[in-house]
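Following are the structures in question.
Here come two complexes built around subunit A, the first alongside subunit B, the second alongside subunit C.
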Partner chain A sequence: MEIVCPAGTPAALRAAVKAGAHTVYCGFNDETNARNFPGLNFDRAEMREGIRFAHDHGSKVLIAINTFPRAGAEGIWHDAVSDAASAGADAVILADPGLLAFAMQNHPDLRRHLSVQAAAANSDVINFYARCFDVKRVVLPRVLSVAEIAAINDQTKVETEVFVFGGLCVMAEGRCSLSSYATGLSPNMNGVCSPASHVDYHDEGDTLAVRLGGYTIHRAKPGEPAPYPTLCKGCFATQDQKGYLFEDPVSLNAEQLIPQLKKAGVTALKIEGRQRSRSYVAQVVRNFRDAVDALEEGRELPAGMLARLSEGQAETTGAYRKIWR
Partner chain B sequence: MFQVPVAIPTFPKLPARALGVVPLGPISMALSAFAKQVARRHPALFRRLGDHAHARFILDPTDLPLVMRLEPNGGAPRVTLLRHPDGGPDGGPDGGPDGRDARIAGPLAALLGLVHGAFDGDALFFSRDLLIEGDTGAVLALRNAIDDAELDLAAELGAISGPLRQPLERLIALAEGATGVALSRHEEEFA
Partner chain C sequence: MHLTVGPNQFFWKPDPWSALYDELARIAVDRVVIGELICSKRLPFYQDRIPDAIETLLAAGKKVAVTSLALVTLKRERKMTAELAGLGAELGVEVEVNDLTALAMLPEGTAFSVGPMVNVYNEGTLAWLASRGATRVCLPPELPLASVAALCQHARGLGVAIEVWGHGRLPLAISGRCYHARLHGRTKDNCQFACEDDPDGLTVDTLDRQPFLAINGVQTLSDTYANAANQIEALREVGVSGLRLSPQSTGFARLCHLFRQRIDGKTDAAALVSGLDEIARGMRLSDGFLSGVAGADWTGKPLQPL
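Entry: the complex of A and B
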């Protein structure tokens, strides 16, 4: 199975490649990718150099251009696709049908993957994208069980890629408006969920409060993990209860499910975290590469050591086992 | 790769107290000169700061009686040491930190570990070993810029130490082994 690893910076790309990533995904430093955070991503020259480094070491590079083009500004997204092709990317990860059409018409040899942002969660829609845009791989939304993934693979020839580690989105991906509601900016249009410019942490002595767009969304007591700055992982009081009303602040770790995912026909395992450090990338990639190599060689899977790196310091197998709340 | 310790070492209390009485002006000048040397060798670090290249950062080693104000100045950085708590994070006199600054607070070992890629910033933040306040966007930009720069402060120091380079590197390696603090960058060789 192929390990697909995040890289938010050229240094993280090199760390991922050295740690054994089969494939690295990254984005340009603008609104065309869904991790448009300060200090992150690649300018055009860095992207060309990163791809050269990866190829020299036998790894592939996928470029995520997975936000939705703004009316009147489609050229920014078209340029990103064309620049990805000329930089030698092994594939682009796209979500918008118009952009998929542009890529197919103008760069037919550039392999197209369907982003998780497209929220393609059944074989009919996946086959539609394959038929219309010759999509070769789909990144499945994090809302499917292993049995559902197996059912999809039975009905499509499109490769499937699934998330195995990192942050979780509770919504059908590409359709979440919570960040827009609080800040006016969203991952879908601007590439930022809960943009840092709208996040404010405040040490209140015995508690740590986080505000998003002026709204207090959580207060963590001493000993509790620092609160996550998104509305979906906020802690709220309603008439009859107080707690994480949308989603528990836990992180996905499906490491022990890799054999089942392989049996379900999954081609590639994706690690979330382009916003994380090169230290995180190296540790997580090495861990998952060891696990995949063990599986291929018929050895027992190594025990995981990644809990400390999880967002919220707690883990779940998410929807794969349908116990995630 | 440097191993992530379960517990982050803290600076010994006695030497920390001694730092409370040393004159900060000359050390600030030396640190500014050192930062300018780093800026010359790593210009991409300042480009990566983008819109935050003129922000003010308060680096607050919580086990020391002083804080460091870092002003990148678009590539001509200035470093000023300030005493804690009268130059505290919520507004101090005499040009001390105020609410406009981005503050990153944690044990000195954690801050050095972040610079050298031994720790993941988000992991330290979620475990509350690290606290950020103020301009979150500026903090993120600085974190990402430093992570990408692959800095090695021991090597930077060695580069300006002339004939003292080798003994200095040996001394740093010894101190690193004795304290468990990431005083230099460690990286696995590509296999």
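Entry: the complex of A and C
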């Protein structure tokens, strides 16, 4: 199985490649990618150099251009696709039908992957994207169980890539505007979710109120960790209950499901975290590479090695187990 | 400008469900989108009433469309979606695509409309949908006026009518997980229809007890009712041809009537807003996606021309 690793910086790309990443994915430093954070991502020269480095070491590079182009400014996204082609990217990861059509028409030889942001959640729609835009791979939304992934693979020739580690979207990706409702900035339009620019920590004496866009969605007592206020993992109240109504502050770790995912016909395992440090990336990559190598060689998987890297120390296998729903 | 009533996003008992469409047949709305948008488990409770409701609406001169689900994952849901085109043809109505799975299933060349759950953010996607047979697109509520204007301009050349969210709790997210079931300590498969007692969704507060969101099964909505009362002139000027009103359990016919009057120039925005307050006291409004900074904002003011 192929390990697909995040790189938010040229240093992280080199670290991932050296740690054994088969494939690295990254984005340009603008609103065309879904991790549009300050200080992150690649300018055009860095991208060309990064691709050269990866190719020299036998790794591939995928460029995520997976926000939805803004009406009146599609040229920014078109240029990103054209520059990905000329930089020698092995594929582009796209979500928007209009942009897929542009890429197919103008760069037919540039391989196209369907981003998780397209939320293509069944084989009918995946095959439709393949018919319309000749996509070769789909990144599956994090709403599917392993059995459903197996059923999809039975009914499509399109390769499937699934998330196995890191941040976890609770909502169908690309179909969520919680962030822009609270802050004005959204994953689809701006490439950010629950942005740090809108977070504030308010000292209330005995507690710390954590707010996003002015909405208090965490309260931490002294000594308690104050998790980052991502909206879908916030603490909320209804008339008679208080708690994590959408999802606990957990992150995804499907490491132990790798054998089942392989059996389900999955081609590639994706690690989330282009915002992470190169040392984090290197360690996660090394562990996952070991795991898939062990699987290929019929050895037992090493257990629990990644737990301490997870957000807030709590982990979930998410929708892969049906009971999550 | 025309008025479209969007699909009911909530789980209503069969009798109030039927009553809504009987009432819509009698009032001045132009289009009605009917069917299940959110959860395939709800449909069997009122499915057999859909043909009659459509017949009543058509007889009253309304245009009618049947909606697809917003997220299609299960086998049963794929089957439902595949049957939509046939159902539409049989009943003489078009399909509103709210997940591209429904488009994948439509015979090529079939005219269809596109709902707000499909990501139409730019000219390229609009042109692609038009080339597949789209004749009408209700834009995602997240779009600001500048995007609406650019899309309207492009839509004219394509012969596509553009509709914008006019009133109702905003559909902000859809998930594989059922939050109503989670709240009751159940899973989605064993939900026991935990959403049936919340005909407008269940309000979710922040820790400061500030109303913020609303849950509706697998869907998350805004607590506020997005409302374009103040933006109608600006929307008309950029070429928007219709407004979408989303059903709510109180005073919906009256609400439609107030919008009709506002569109026809018989009342102003202030009268519409105060009329809404009489319908449902304490209903919080927003217009931030169209004219504010964040979606939840309420400017309550007309948009400046672009």
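Convention: the second predicted complex is superposed on the first by the 311 of 325 C-alpha atoms of A that agree within 3 Å, B and C clash if a C-alpha of one lies under 4 Å from a C-alpha of the other, contacts with A are read in each partner's own complex, and residues count from 1 in each chain.
The rule we apply is simple: contacts are C-beta pairs under 8 Å (C-beta built on N, C-alpha and C of every residue); 3 or more make two chains touch, one makes a residue touch a chain.
Keep in mind it's a predicted model, so treat the numbers as computed, not measured.
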- Determine, under the contact definition given at the top, whether A:Thr9 touches first (subunit B), second (subunit C), both, or neither. first
- Could you tell me if A:Gly166 is touching subunit B, subunit C, both of them or neither one (first, second, both, neither)? neither
- Figure out whether A:Phe236 sits in contact with subunit B (first) or subunit C (second), or with both, or with neither. second
- Once the shared chain is lined up, is A:Gly191 touching subunit B (first), subunit C (second), both, or neither of them? neither
- Task: See if subunit A has more residues touched by subunit B or by subunit C, and give me that chain.
- Result: C
- Task: Mind listing the subunit B positions that touch subunit A in their complex?
- Result: 1, 4, 48-52, 114, 117-123, 125-128, 131-133, 136-145, 147-150, 187-188, 190
- Parts of subunit A lying in touch with subunit B, wherever the complex brings them together: 8-12, 15, 17-19, 37-40, 57, 195-197, 199-203, 208, 220, 224-226, 228-229, 275-280, 282-283, 308-313
- Query: In the complex formed with subunit A, which residues of subunit C make contact?
  - Reply: 70-75, 77-78, 81-82, 99-101, 103-105, 117, 119, 121-129, 140-143, 146-147, 150-151, 154, 170, 172-179, 181-183, 187-189, 202-210, 212-213, 215, 220, 222, 288-289, 292-296
- Contact set on subunit A toward subunit C in their complex: 68-72, 74, 95-99, 101-102, 119-122, 124-125, 127-129, 141-144, 148, 151, 170-172, 174-178, 180-184, 186, 188-189, 209, 213, 215-219, 232, 235-239, 241-242, 245-247, 319, 322-325
